[in-house]
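One structure coming up, written as structure tokens, with questions to follow.
Going in written order, the chains are labelled A, B, C and D, and every chain counts its residues from 1.
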Amino acid sequence: MPDKPIIFNDPVYGFVKIPFGRVFELIDHRYFQRLRRIKQLGLTYLVFPGALHTRFQHAIGAAHLMGEAIESLNSKGEGITQEESEAAIIAILLHDIGHGPFSHALESTLVRNVNHEEISTLFIKELNEIYSGELEMAMSIFKGKYSKKILNQLVCGQLDMDRLDYLSRDSFFTGVPEGTIGSERIIKLLATHNDELVVEEKGIYSIENFIISRRLMYWGVYLHKTVTSAENMLVNIFKRARELIKNGEKIFATEALLYFLQNEVKLSDFSDNKLIINYYASLDDYNILTCLQEWMNSSDVVLSRLSTGIVERQLFKITMQKDPIDQDLISDYREKVISKFNISEKEAEYLVFNDTTENSAYDPIEPKINILFKNGNVVDIAEASDQLNISVLSKPVKKYYLCYPKEIL
Amino acid sequence: MPDKPIIFNDPVYGFVKIPFGRVFELIDHRYFQRLRRIKQLGLTYLVFPGALHTRFQHAIGAAHLMGEAIESLNSKGEGITQEESEAAIIAILLHDIGHGPFSHALESTLVRNVNHEEISTLFIKELNEIYSGELEMAMSIFKGKYSKKILNQLVCGQLDMDRLDYLSRDSFFTGVPEGTIGSERIIKLLATHNDELVVEEKGIYSIENFIISRRLMYWGVYLHKTVTSAENMLVNIFKRARELIKNGEKIFATEALLYFLQNEVKLSDFSDNKLIINYYASLDDYNILTCLQEWMNSSDVVLSRLSTGIVERQLFKITMQKDPIDQDLISDYREKVISKFNISEKEAEYLVFNDTTENSAYDPIEPKINILFKNGNVVDIAEASDQLNISVLSKPVKKYYLCYPKEIL
Amino acid sequence: MPDKPIIFNDPVYGFVKIPFGRVFELIDHRYFQRLRRIKQLGLTYLVFPGALHTRFQHAIGAAHLMGEAIESLNSKGEGITQEESEAAIIAILLHDIGHGPFSHALESTLVRNVNHEEISTLFIKELNEIYSGELEMAMSIFKGKYSKKILNQLVCGQLDMDRLDYLSRDSFFTGVPEGTIGSERIIKLLATHNDELVVEEKGIYSIENFIISRRLMYWGVYLHKTVTSAENMLVNIFKRARELIKNGEKIFATEALLYFLQNEVKLSDFSDNKLIINYYASLDDYNILTCLQEWMNSSDVVLSRLSTGIVERQLFKITMQKDPIDQDLISDYREKVISKFNISEKEAEYLVFNDTTENSAYDPIEPKINILFKNGNVVDIAEASDQLNISVLSKPVKKYYLCYPKEIL
Amino acid sequence: MPDKPIIFNDPVYGFVKIPFGRVFELIDHRYFQRLRRIKQLGLTYLVFPGALHTRFQHAIGAAHLMGEAIESLNSKGEGITQEESEAAIIAILLHDIGHGPFSHALESTLVRNVNHEEISTLFIKELNEIYSGELEMAMSIFKGKYSKKILNQLVCGQLDMDRLDYLSRDSFFTGVPEGTIGSERIIKLLATHNDELVVEEKGIYSIENFIISRRLMYWGVYLHKTVTSAENMLVNIFKRARELIKNGEKIFATEALLYFLQNEVKLSDFSDNKLIINYYASLDDYNILTCLQEWMNSSDVVLSRLSTGIVERQLFKITMQKDPIDQDLISDYREKVISKFNISEKEAEYLVFNDTTENSAYDPIEPKINILFKNGNVVDIAEASDQLNISVLSKPVKKYYLCYPKEIL
């Protein structure tokens, strides 16, 4: 265990200090080092070339912000102890440890009906065993069950360190300056009221800006048309690979990936078979993309075309609109790919597909972002804002889209 | 006239290039050099210590953006000529040349019923005479009367280079990162449609962010409570000084300032008496503040208290609220200052005063910010935005405030 | 071919504009898209977590700077034509296209005695054929043989766009602010003299800073102790893999990688066998790291330990010093690994190894960085600098190092 | 006294937190508020338009860095107490409180043979009396006499918080990115050895960069030719004003400025006459520039030409060279101004003048910047640096210059 704080160079914050030796040990663990090989924004780099930052960087950045937030709250008289501070930093450090590669796309494809929070819990439990129960408090905070509620909220809430870091970081690496949020300022204005996290009155405009920036990042980056197209292509690649394997075809894959393609792994399987978590722990962007490269040469035209699309960036065209896609258009395009690629009607569904996407920037359901006024009143930002815009922002926006290879045009 | 482009170091954009020799000559003129001595944000530095940037810097920054905007539009096939380009750059360079010191506060105090646009026009006319009519086209653009409407709109519109520069610059020097707008991106996405300035479809989120940032700068900086208090104190200082002079008292002042305090100068006076524009041209932040320093020692307690307030930053307390100020509170405070400072009821109005402030971030009245969709449709941002928030933002917000010296508490 | 400039978001410069359709087509080619999968700084991310930027980003950034430099030179009367401008942009865009994965480490390991410039030439030739000879001028500039010498120098010289971009970019993504160079300022101060690239007199301090920053990036980042250790481990991994294959062992590898491990490919082989360039074009960071992951489970303890070292960041300790490493120490450490890992003396050389590293920040050999004084004199920066420091900097610095697994301590 | 930390928006560091109420009270004092009206870089804004930042901003920034440095040292086991921390922050906050307006130029002109450190001491003594001796420890640190030497060195040494802040801040506001120093990194690498401030071994390159950046700021900004010309003009303005007053001419001036022009104030006078410190405390950039504006209309052609030169930026040409100025050239220019302005030979010396300027970036005399190696050795950077450049940098560089009005060319 190192005897003094470890410092990382971080392009976003300049420097990031890891104050506790235990935290440093966790960073050194192979489960955590794995996050170096998992990009935060999956395939987004195909549109924003700088978006190569990893969940490793994000987790450390969020842990850094947690330290700042606790220091800020303690300077206002909140008595968060050393032990709690370390636990909260560990909780946020590990909050995403269960993320798999390209998880936005593959979360429900590789592992059916298991989300990354559940897998994070599995990893944290495992680490807790390794460290003889020393991570109990961190685990309790991670699960939102710790007695000092604000710590839970700093890990998971409308204004948690996860969001503050990922918005800053994603904005930075995509090169989208409009996504800049004043995370430093927001953290300095955090306060507590009845053991709930609140923001001081003079932070109202920063919070409005935070919500608007988040929305901008959603539509401008996370749900960017071309990224949406790429992610759906990736999902179809793995559906197809699974299908081919089921049909008895031999497919290039690493041992771990093959396991998940051959089996329909459920959450309970992880507990029953220790091997699975190790397989899962060896999945990353590198072996996924390596498989795609090999699949470019597959004799299966669907798998080959889709894989080439991702590897050589021959992405599908995408039409996105407020109204449902015309069913005739879909049929027309499907017929075109059937004749173009000489494939079956069922196979055509891999190459011409439609779906919807939805987002609401501020979720009006609890927990809210509460503003603490100087007179002691606490009011939800949706009401505290001088204007109605924030409450209007809460309305989800739904969009319909259709993807298809440009060769058929 | 310099034979190659002049380059300024500019902390906001890195470097600013002045391409035309004529522009450089204008910058060198004493009317323009005067802007070096007029802060862009007046008394705002009393709250944001970095806000010391001047109208000189802003005007040059806006001229720089104009060059970028024209280059961007021309790269899309808009045929803006060299001559038009120079004229548009000169028009934006000189658009604020009529600003007096602390003009947000003093505009209607030093020169009655004359706004800075009218004085800018006077200065530009004067310069046009000096340059034998060479500024005709620039003047026409400045007045919004040039035949190529987009040039007028780049100088004065909802998305003009003035706004793009001042929002970026004010955000930068106040240290309010939430005010950051993607001016580079917006400029790259400018286009034209029926000789109207429009923004390409993929700029929607940048425009939303621009409008929100502008609103944030309004409430967070321009209409900041403490700044509002300071500005009102400054207005009262000059009202009082004028009154004392009327009553025959002798007051320290530079020759030029004395002229404006002794006379009620109207717009027409400028044309009748050439001396006046020269007097006006020698007013700046420096001689105003120097007078305030001397007035700190005035035997008039009102003038002295208010001047000390600005110079030594003993600013009045301010209460700001959505509802009108209680008349009883005002009376109560006035009585307190009467007894505290041993002054008359009428004099008390200088030390306890109330008013309202109002802002609407996006003015729904023409000219609008229009979005050009790929299908050729042009739609106002208030409708193009996925959500209603922008249209709601257009509703003006009114606030009431009351200022008073803290000594009476 | 797109009908208007393509814009990339670039965190370093904000936006990068690709002005010519032909350039855009080249970017779209799979040879160039491959650079998305090759990190600029190889294994440096193991020390600077943000250093994940790719040769794709660098090449586009350098092309952007080339456009700026040509605009700057033309604004000073240099008559670079549209055609030359496109050719120079293409030359810099493609200058690194022959880089393989982790090339700093693997350049002479995967392909014997062939450097990346030679492979870049092969790729450019290939592309020139595809585009029916349209890249002739670009190729001539790339080879430094074009008649207008300054274009050659902008692609390859002491102050070329390659260096200006990589120093800015590496400094940005590693989060080492001391590496910041004023590339914008340097470009604005470029000039020509007798068809040689020179820098205007007032750029002296910027050039000094550039040289010092470069040196700082060398010792602080490129030759960082821990990075040096990791790179040497990677070299040994591939030496060992090649040896195992020679000994008839079966090893996991992609088809392309296997080819290079089984054969000792020489430069002439590329011309003789078209397959080879395609194999080479499919090598990237992804398949290299995927192999390392699989090799972690190899029965060969050398291959397994080294691979685990890179994948799970269990890097070797490294001692770096000005004097040669004590031979007894090496022997002692080798004996320790022999007993610890139960391996042969020869195998021990893979786990305990020593070498030297050398750098000189400014190469006093031609081409020099010349300063153009106002009086028309042209002087090398090493003499133009007020002080002798730059000439002293030219002396190469040599360091000795020894690497070994920490398990033996 | 405020009950929680006061936060300033600072464009350089984002936010600056003032942790102690006593510090906040000192900031509120009119002696300190005065620094809001004194630009850090005097007339430099005539060349770098953004250089309008004040000694107020610098002092608060340095106090902020002091807090960071103490936190960093304490995290390494240095036991700096709360009381010492507050005292050190106060010492650095007040270290420049004796600076007068344009002090680089006017220091020995307004007050003969008294430097700003001596006046700072006077002000601090005065404040110590006001606060009943509470500033004793701060004063001891300021004077370099406190028992814990590192605190003295943090206030005044080769690597003190003064330098770290002013280099960062001046680089930021002038827009000279090459001046960027890694102050955050340097502070994190501070350590102590035998109660001396040292820098950890891995900070060597940052220190080299710091020294080089400082040198660059000297030659590029602080000793910039045009700034040197302007400063000398200002000195001559005040010499001339003083002379005119001696000759019985009546001159516009504020009461305080008049006192210093009429009398030759010595250091001892400040103690003898309490009025003088108050006069001094009311001098600032504003009343100086206001006087210059009025003096533009003086009947004395020397005073008028020089004053117009500063106010309307009609600066004198300056020739700067390594060799002494040719005496004949000076005579020739003097004769030209005599005939051009119809003045005496003695008066001509105000308009054509020559002098020398000198700088050495790293002062090899104690105190040195010491590097602490991992093996415990402490070595001066001039020797620790791999190369000799730093020791060479220590040699002072001398330049000769001549200034004259361009009208005579």
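Simple rule for what comes next: a residue touches a chain if its C-beta (ideal position, glycine included) is under 8 Å from a C-beta of that chain, and two chains touch if they have at least 3 such contacts.
Just so it is clear, the model here is predicted, and its values are computed rather than measured.
By CA centroid distance, what chain is farthest from chain D?
A
More C-beta contacts across A-B or across B-D?
More C-beta contacts join the chains of B-D.
Where the centres are mean C-alpha positions, what is the separation of chain B from chain D, in Å?
Between these chains, centre-to-centre, one finds 32 Å.
Using mean CA coordinates as chain centres, what's the chain A-chain D distance in Å?
It comes to 50 Å between the two C-alpha centres.
Taking each chain's centre as its mean C-alpha position, how far apart are chain A and chain B in Å?
Each chain reduced to its C-alpha mean, chain A and chain B end up 43 Å apart.
Considering chain B alone, which of its residues make contact with at least two other chains?
Where chain B meets two or more other chains at a single residue, that happens at 14-15, 176-177, 185.
Considering only the defined contacts, which chain D positions touch chain C in the complex?
176-178, 180-182, 185, 205-206, 208-209, 212-213, 216, 219-220, 386-390, 392-393, 395, 397
Along chain D, where are the residues that touch chain B in the complex?
Residues of chain D touching chain B: 8-11, 14-15, 28, 30, 33, 36-37, 45-46, 48-50, 52-54, 56-57, 60, 172-177, 254-255, 282, 284-287, 289-290, 293-294, 311-313.
In their complex, what parts of chain C are in touch with chain B?
Going by the criterion above, the answer is residues 4-5, 7, 14-15, 17, 19, 75-76, 184-185, 188.
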